[in-house]
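The following pair of complexes shares a single chain, subunit A, combined with subunit B in the former and subunit C in the latter.
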Partner chain A sequence: MNTSIFTHSKLNLVLLLLALVAPFVLYPVFLMKVLCFALFACAFNLLLGFAGLLSFGHAVFLGTGGYVTGYLMINTGITPELGILAGTVAAGLIGALYGKLAVRREGIYFAMVTLALAQLAFFFYLQAPFTGGEDGLQGVPRGHLFGVIDLSDNLQMYFFVLAIFLFGFWLIQRTVHSPFGQVLKAIRENEPRAISLGYNVNDYKWVAFIISAALAGLAGSTKTLVFQLASLTDVHWHMSGEVVLMTLVGGMGTLFGPLVGAAAIVTIQNYLSGGELGNYIHIIMGAIFVICVLAFRNGIVGQFRKVLKQNF
Partner chain B sequence: MSQDLILETKNLIKAFKGFTAVDDVNLQIERGAIHALIGPNGAGKTTVFNLLTKYLTPTSGALLFNGKDITARKSADIARLGIVRSFQISAVFPNLSVLENVRVALQRKEGNSFHFWKHERVLNRLNDKALALLDDVGLSEFAHSKTLDLPYGRKRALEIATTLALDPELMLLDEPTQGMGHEDVEVVANLIKRVSAGRTILMVEHNLHVVAKLADRITVLQRGAILTEGDYACVSADPRVREAYLGVADDEPAAPVAAVGVHSSVIAGVGA
Partner chain C sequence: MATFLGINLFGLFGQLLVGLINGSFYALLSLGLAIIFGLLKIINFAQGAMYMLGAFAAWMALNYLGINYWLALIVVPLAVGAVGILMERLLIRPIAKEDHLYSLLLTFGIALMLQGTFTHVFGSSGMAYAIPEALQGGFKLPFMYLPAYRAWIVVASILVCGVTWWMIEKTRLGAYLRAGTENAQLMQAFGINVPLMVTLTFGFGVGLAGFAGVMAAPVYSVSPDMGSNLLIIVFAIVVIGGMGSIGGAILTGLGMGVVEGLTKYFYPEASSTVIFLVMVIVLLLKPAGLFGKEA
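Let's look at the complex of A and B:
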């Protein structure tokens, strides 16, 4: 049962207010980047934190969403909400296929299957004619939302991205606290027992995988519109690793952990890449990962919670 | 013979790379009985359980439930048919509340288990039923505790409540009193006796006091094969059973007690 203050509606309200004010204080594109990665990490956390499944190929869903949205925006002139919807559905479909194969295995084998399938997709996207190969899809138009609101304005785009993030975040929260989520937690806690109660556990894992993949796709589609770019970076296995890092740094299995983790990692990356430490970025990220795993197993939010619990 | 059999195995065999763990076992479980499966360590009792519930696939042989062949069914399907098992190590969901443990079992028949868009409060309508089941096993006061914090004996009681939530026709209990203190054993034995009304129970059990108290019929396994069957008096008097547990022939005076453990003394005591 989640009774901590982190699900408290007051905290939600404060965060929402902050999100509404933020673009007037901070650079909107940076905030949008944080929101996209936060959604990506939240989607990933649904699998890792609540179903106990470590996918090591989640970049493929982020990237697929991006490519599909980018391609459609450039070539068909559809409105951005439809472009994003198409990207999300495409990622969900690939998730359905990959998930079907992957949930047949557990633990490290599950991770390896997802990694292998993601690599397959990476090399496909590298060669496929519609992805632009090494160049990626550049100059993706943001278009007009519902054909009316001009998204080339960063502030308007920001509120659109915020709305998408809130929808995704709400859906994940609901999934975790749904009848389905209950079964998912039972499977995570004791899989043989869940089977003995008559649950076909692979079907539940599969549905969780599809939801997670589709939401990762939603994050990727949105990201492509923000940066007007879909590139191989998003399907590379580095990206799959990065989302693991974000989730663990923030706190896996907590609702706000991935959000905090994504914000922390994106901030650090932005800060470092601009300064003279830019060449050491991977070393520094690696060190952060090692420190987190060794010292804060519960991540930032998990640690914060623990301290709060002990002192109040 | 007009026996009413709920479960039957026909020439059940499980071989692991040259080692035959279950060797041509023909079990017949009568409806309404408490049937105990006993035998020395490594006799294949738990393997039989795993075969009956398809956690393992038999090398050959057939499983019949109510006369229907279920050999090809999956574990979850077998549970849905009404054969629900417990495990040797207590099988609870540690980070769910005690109430949620039972409720997750009740939830299956609601048909909303894939509804990820609904709030979990729709499950609250099952709370009364779950509480009644918890009350049955004396756990209602712990309903909202985290399961992790329950003492071992109570976890096993919770496991039985969760199993009962599915209202199974046949309950398979794998060493329900294993690792328990004397008082808990008594409590759980009484509980099993009570819930056996109107259903069939097949149990693996090491504690022969419990077996003597509960079982209507006993099957003794040794090295994967059925050694003998019958009621407690008949089985405990069988010299082959004593030999299986003691590791020596009945007429040899000095039994290697240290190698045999507690069961030997019980068997020998009853047999003498």
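Let's look at the complex of A and C:
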């Protein structure tokens, strides 16, 4: 891996310091939104960037995490960390089921299967009695962390979200650099060779899918607590497209790419939705897609790394 | 009321007809996808947007230019096909050698832009398109009432699908096409202009979606998101049928429409999900699809 400059502990430390100071400068809810989507994109990128699997239905895991956490927080008196855990586990279970089916097909088919499976879940959540249908679950309480820390305070909530994000990011980093991650990369680069080496390729893909789904669920659960809302938007296939866009913009296959991409897209959306350009949001998103694919395939981080490599 | 074994025949045949009509559109769209996929190994995510474009083009042709339905049925697919050709030449060609996932993302971006543009210009509520005079009214059959336009949809799309199947499977042009999908370089060596063939095939596949759009305009409301939701169903159908065969795309498309119609009659709650459930079952039993070849 040529990530020397990016996995450098000094850079990590600088970023961590920035993240700790950020809520005192910027609006914490915006930062939490960025962190949630960044975790979602990182989870998605674990599949695309490191196993070469383009899942076009990742919204279902985000949404599942959100619905389960939201439902439990409203209807039972459990603490937020347990609510999030439940959402994560639920997303992981759906991921295990969907992954088992999806890894039977490759490449473009894999994308189509995940998309169709996600649509199946979308219709389920649309009709199911516990999701609130079109209205979604509103007024989800944030609760008290470990029964002690009041999360209705935005600043305390922010540090909780940051901790969750760092945990997820660390887990992905560990996965990618583990022997398991190396096998994933081998599968991405040359699947027939990995098979001939005796690896059960589908099992590796499946496990990667489950980890990715569970982390996407973690992002969804956290997002539901932040916005106190779980809705169909999170399960809609537009959301699946959005996470692809975030990863593409940031740079797929890089650890920090999805983080940068999520920050960029959330910022653009926040900026657009406030102003006159709000009506053009889909056109602009589509245009970013086209431009990225045609001229900018490495994404921001990939491009940045390339420039660094050439000049230093 | 006509009943048989306690089944309301009017209702059943009504849903079957609706299923066949939906199936006609599924067949046209998945056929277009299959043709494009066959030669370019590209999943055209913009196929749904092209279908929407076809419907809007018919609507605009009528309201702005006074072009009637019958003329639109010829002109619009050509125009949509031309848009497809431009798309292939300008945007897809430059990345044809990259990982195919990029072309999927590219066409997805194009679909978003088209859908966004039409939503911005026309709003998201649908617009009506009148059924052409010659096809108004219907036939009274002993077991159901058959509206003429709906009968026409089924007949016309089966005809178009059939002719396309015949062209690809039985003619010399089709043989070139099939050979091109097997080994493009060899075909080039034989003096066949493969890049031109690719462009025209893409145009034809997209034109089929445009044709489906014109056909759909009088039955569904013409709206910007009419294509996007349909496309995901068509993807599921493609997975069920398997991409290997042209005939498979047509048969699966029609068949899944009927399955959906039957579900709507017997268990309406599952009608929006039944195709995806069928996909899951097929994936479990036959991962390459019903008509697909094992890789």
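Here, the second predicted complex is superposed on the first by the 310 of 312 C-alpha atoms of A that agree within 3 Å, B and C clash if a C-alpha of one lies under 4 Å from a C-alpha of the other, contacts with A are read in each partner's own complex, and residues count from 1 in each chain.
The working rule: contacts are C-beta pairs under 8 Å (C-beta built on N, C-alpha and C of every residue); 3 or more make two chains touch, one makes a residue touch a chain.
Note that the coordinates shown come from a computational prediction; the quantities given were computed from them, not determined experimentally.
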Inset, instruction - In the superposition on subunit A, see if there is space for subunit B and subunit C together, and answer fit or clash. - result: fit
Legend entry - When both partners are placed on the shared chain, which of subunit B and subunit C touches more of subunit A: C
Legend entry - First, second, both or neither for A:115, with subunit B first and subunit C second: second
Inset, instruction - Pick one for A:54: touches subunit B only (first), subunit C only (second), both, or neither. - result: second
Legend entry - Inter-centroid angle subunit B-subunit A-subunit C after superposition on A [Cα, multiple of 10°]: 70
Inset, instruction - Check the residue A:178 against both partner chains and state whether it touches subunit B (first), subunit C (second), both, or neither. - result: first
Inset, instruction - Report for A:190: first if it touches subunit B alone, second if subunit C alone, otherwise both or neither. - result: first
Inset, instruction - State whether A:306 touches subunit B only (first), subunit C only (second), both chains, or neither. - result: neither
Legend entry - Minimum C-alpha spacing, chains overlaid - subunit B and subunit C, in Å: 9
Legend entry - Complex contacts: residues of subunit C adjacent to subunit A: 37, 41, 43, 91, 94-95, 98, 100-106, 108-117, 119-120, 232-233, 235-236, 238-239, 243, 269, 272-273, 276-277, 279-280, 283-284, 287, 295
Legend entry - List of subunit B residues in touch with subunit A within their complex: 53, 55, 74-77, 79-80, 84-87, 91-97, 100, 103-105, 107-108, 110, 112-120, 122-123, 146, 162, 166
Legend entry - Touching residues (chain side subunit A, partner subunit C) in the complex: 54, 101, 104-109, 111-113, 115-117, 119-120, 123-124, 127, 237, 241, 244, 248, 279-290, 292-294, 297
Legend entry - Residues of subunit A that touch subunit B when the two form their complex: 1, 171, 174-175, 177-183, 185-186, 189-190, 192-201, 203-204, 207, 211
